[in-house]
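First chain written, first letter: the chains are A, B, C and D, and each begins at residue 1.
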Amino acid sequence: MGDVKPTRGNDGGGEFFAPVLQPANREGLRYRLYRLMFHHESRSERNFDLALIAIIVASVLVVLLDSDPEVKARWHFQLYLAEWVFTLLFALEYSLRIWVVREPLRYARSFLGSVDLLAILPTFLSLLFPASASLTVVRILRLLRIFRILKLVKYSDEAGLLTHALIRSRRKILIFVLTLLTIAVIFGALMYVVEGPQHGFVSIPTGMYWAVVTMATVGYGDLSPATGLGRFLTSMLIIIGYSIIVVPTGIYTAELARTMRSRGRVQLRCPQCSLGEHDDDAWFCRKCGEALPHVDNNA
Amino acid sequence: MGDVKPTRGNDGGGEFFAPVLQPANREGLRYRLYRLMFHHESRSERNFDLALIAIIVASVLVVLLDSDPEVKARWHFQLYLAEWVFTLLFALEYSLRIWVVREPLRYARSFLGSVDLLAILPTFLSLLFPASASLTVVRILRLLRIFRILKLVKYSDEAGLLTHALIRSRRKILIFVLTLLTIAVIFGALMYVVEGPQHGFVSIPTGMYWAVVTMATVGYGDLSPATGLGRFLTSMLIIIGYSIIVVPTGIYTAELARTMRSRGRVQLRCPQCSLGEHDDDAWFCRKCGEALPHVDNNA
Amino acid sequence: MGDVKPTRGNDGGGEFFAPVLQPANREGLRYRLYRLMFHHESRSERNFDLALIAIIVASVLVVLLDSDPEVKARWHFQLYLAEWVFTLLFALEYSLRIWVVREPLRYARSFLGSVDLLAILPTFLSLLFPASASLTVVRILRLLRIFRILKLVKYSDEAGLLTHALIRSRRKILIFVLTLLTIAVIFGALMYVVEGPQHGFVSIPTGMYWAVVTMATVGYGDLSPATGLGRFLTSMLIIIGYSIIVVPTGIYTAELARTMRSRGRVQLRCPQCSLGEHDDDAWFCRKCGEALPHVDNNA
Amino acid sequence: MGDVKPTRGNDGGGEFFAPVLQPANREGLRYRLYRLMFHHESRSERNFDLALIAIIVASVLVVLLDSDPEVKARWHFQLYLAEWVFTLLFALEYSLRIWVVREPLRYARSFLGSVDLLAILPTFLSLLFPASASLTVVRILRLLRIFRILKLVKYSDEAGLLTHALIRSRRKILIFVLTLLTIAVIFGALMYVVEGPQHGFVSIPTGMYWAVVTMATVGYGDLSPATGLGRFLTSMLIIIGYSIIVVPTGIYTAELARTMRSRGRVQLRCPQCSLGEHDDDAWFCRKCGEALPHVDNNA
């Protein structure tokens, strides 16, 4: 978060999510378009952003509506037309974005750049594979743009906190997922043997699907044990599964609490030994005993 | 909470929830009614409150009973009559409340005032739209009045603690809901494409409903995947969904723990040993015995 | 926990759960029976306890087995006989317990005394109302006796910790349950209006049952929304419900963490001002500055 | 964790999980095989490990595929053959492992040694009992070997943290499971009496299965209450169950937070200002700058 340079007037965020892109040149229509598309400060720039968000939401709604059989029967042509209008608008916007930045490839390879492309492709693909038309809903990912537009530094900060806790928990979560998978394979096979195809457990992968659905306490009921032994095994799986599913909540909460608490730490460099992080109530360096240059906490 | 003025003998609570209302005049029947309806101290005032609660509960029970086909078949007339009696009673009470306070509009626009009105309207509306009769159950919201009647300052305090933690988590929760919505749209569309109408996924909004039901681990089973790919996607969604659904629990718990911890501790530096955090009832440093420079806690 | 007197050689636990009962006299068969039934120290006393546990488990198993149609068809007579044998044994044991203690009423009114009676009644009642035979499973509550038999002071301590956290959370939990009930009534009525009897929502109480099943993420699927509006309301309820169901987890975890942390407190009376509880790293009283008489933490 | 001796170049982990095994002799083919199978350092040793993991994954996939009716119809012979090839490979590997170590029994009795044997048996047993063929999926447990192969000391450390918190919670969890079982028996019997066989509650054990499925919020819906009283009892069970199911999450989170917090802090009293808790890398008191009396952390 610290390397975000909001003074650049450019999109904040990391290199991957949305790199700080330079304009291709510094004057003329091309530069004005660059400002309009990549800055969010003046009135016109903000109006462009709001219009963009409205169009994204509208384009997603069109896809949702067009999937409904009743709506489709009556309004398909209009919705089909609207979808193409939106697609062409997005395609135009994408081309312009490519044109106005100095390093088009860097934009195209960034996360938001990829999403911008993904938002256009499915409609064209649907000319070849009609089913892919529904995939245009990936356009909703374009809404992530909101975070940048609103200059939600605070939101990024919160997201950073959540993500930081997730990253610190990653090893624990990997162990957790491996354990879950192992249990799913074993109980899937047990149920396949015990209940068998006549009760819907037609294969071990089906049993694994059932085990995941059960352990996560979703429990659709499309597959459920019918024999006494199967029900006993299910009760075992539920209790084991519950014990295990409790783990990530615990991990995440504890990590989050720790991350939030470590904010009680101050970034303060000891003048003698250069140790950079101290408790916010420390008056002396815990390494070399040097008095710390103090900031007023009450300010 | 600190701005609640219980000495006024009036309803505690914030401006929005229940503003401190003044009587229209200070004597006569109108003032006696004001005391009866807005104060909760003397024996008669308390009896009025208890009777009101009993009537509210009875009126909700009447609506519940009248919705049951068997009960309705036998007792509909009696229940219908009772509902009108309750409605007219509440209408009378509402008119009186309007009459006795100095600023009727402030009462009418407060949360409890609006609920008082909502408790009357559906019965009258049911003369035009019979189905709306069931909506009289909003009367149950009138029970929130209990919190004020019992002068549950402690309860308000607890509610305040819970709400405070919620408010401090609001940004994190907004990010969370946006993420959830995005995942629901994408998986809803995927299942619509993969499973299709023949397995119940008749539209993308239906798929979104299914995705929400799945991610929250409700899993009715009215819609469930039938193909191998659909089941694989479902397992993915469950694992992703579970990871994400863990987040608000973690956020809320950590915030609550922080809010609870920061109560009862004071940031106060001991002049001798520099210990920076003391119990809020401490007069001497627990480390070195030095007298603490004191702030007046009652201020 | 502190008022448990294990030196009495009698059942530990609170007055309500299991009061410390005195023998009717101090010698003879009556006293030997008293020792056998209420003490758990010598070899014979322990053997009696183990036999009792075995009989309790066996008697519950008999009821479970007798409820299974196939087992019942073949072994009903044997199981019926066994049930009566167990019942008469328990009745004999109950009479003896009443006989050997000095204050039979105090025993009869304690929690374990009531359970001992409840374990006998259903079998006798089943002569009048056959269905009540299944209620003999309340015998399983007699297993709570295990905690006392094994003198599980440590377990009682853990249970005490869990219960203490629950008690400290009781106000928050009451607010929580009231909120839940209010939401259930309102959404139950909404679904009754929107979905109506043709989709199974035959009355508002049925809708409330559905709302509870949904909010707790159980989701049987015996009732599920079939209309678009109903599904939208369901998604709302799930998200609201989830936000609310997160609250008790947060409350309980935070309370538990606080209770566990407050064990970092030492019961230590200040010689000057008598303040009784200090941080375990305190050297001076935080109230009067007096040096504290210190215990060696490393011991 | 502290007794892991990575300098031995042997498998880390506890005595039970995977004891440190010595080679039968120190030269020749037998020693080279020992290094290949029990060490993970040189290029060839690492290649052996990777090949082993690939074969394990492939062998589990074969069993999963062979359980699918469509795949089985077409490829059964090939899969059957592959399964025997894998089984013979694993049998050969097991024999070699037994041969090359100095204490074959210690290897055979360790956790990983038992799994290695279990991975072979089902295929041979399937010659007698065809159904047991599916149980070869226990081979997936062989993947636990990954943790050792990758010398994931850090991962072991994380697993240790998770396990440590579990062990510290074990008494609380035992109380929790007993409570759950008691509630399941009582509600199982109640529903058997109230709903009866006509709504699927054919026996008390069936009711217990339903109670577990309900309390854990899985809710398949294969059994669900149909009467008003049954639905009321279900709502009670859900609320009771939810209150109880919250407990292990709370316990585990609080324990985990405590375990994580107590790392990195040392109980050490500053000789000058008496501050009692310091970071484990502190040399000077962060409060008064006094040098701390030091313990050797590396000891």
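Methods note: a contact is a pair of C-beta atoms (placed from the backbone, for glycine too) under 8 Å apart; a residue touches a chain by one contact, two chains touch by 3 or more.
Model, not experiment: these values are computed from the prediction.
Visitor: Determine whether subunit B and subunit C, two copies of the same sequence, contact each other through the same residue numbers or different ones, counting it as same when over half of the numbers at the interface appear on both sides.
Guide: different
Visitor: Matching residue numbers in more than half of the contact pairs is the bar here; say which of A-D, B-D or A-C clears it relative to A-B.
Guide: A-D
Visitor: By the contact definition above, name the pair with the higher C-beta contact count: B-D or A-C.
Guide: Higher contact count goes to B-D.
Visitor: Calculate how many whole Å lie between the centre of subunit C and the centre of subunit D, each centre taken as the average of the chain's C-alpha atoms.
Guide: Between these chains, centre-to-centre, one finds 30 Å.
Visitor: With chain centres defined as C-alpha means, what is the inter-centre distance between subunit B and subunit C in Å?
Guide: 30
Visitor: Between subunit A and subunit C, what is the separation of their C-alpha centroids in Å?
Guide: 43
Visitor: Multi-chain contacts in subunit C: which residues touch at least two other chains?
Guide: Residues 205, 208, 217-221, 249, 253, 257, 281, 283 of subunit C touch two or more partner chains.
Visitor: What residues on subunit A touch subunit B, complex-wise?
Guide: Within the complex, subunit A touches subunit B at residues 60, 63-64, 67-69, 131-132, 134-135, 137-138, 140-141, 143-144, 154-155, 158-159, 161-162, 165, 173, 177, 180, 205-206, 208-209, 212-213, 216-222, 245, 248-249, 252-253, 255-257, 260-261, 280-281, 283, 297.
Visitor: Given the complex with subunit C, which residues does subunit D contribute to the contact?
Guide: By the definition above, subunit D touches subunit C via 171-172, 174-175, 178, 181-182, 185-186, 188-190, 192-193, 197, 202-205, 208, 214, 217-221, 224, 226, 228, 231-232, 234-235, 238-239, 241-243, 246-247, 249-251, 253-254, 257-258, 267, 269, 274-277.
Visitor: Contact residues on subunit B for subunit D in the complex?
Guide: Subunit B residues touching subunit D: 217-221, 249, 253, 273-275, 287-288.
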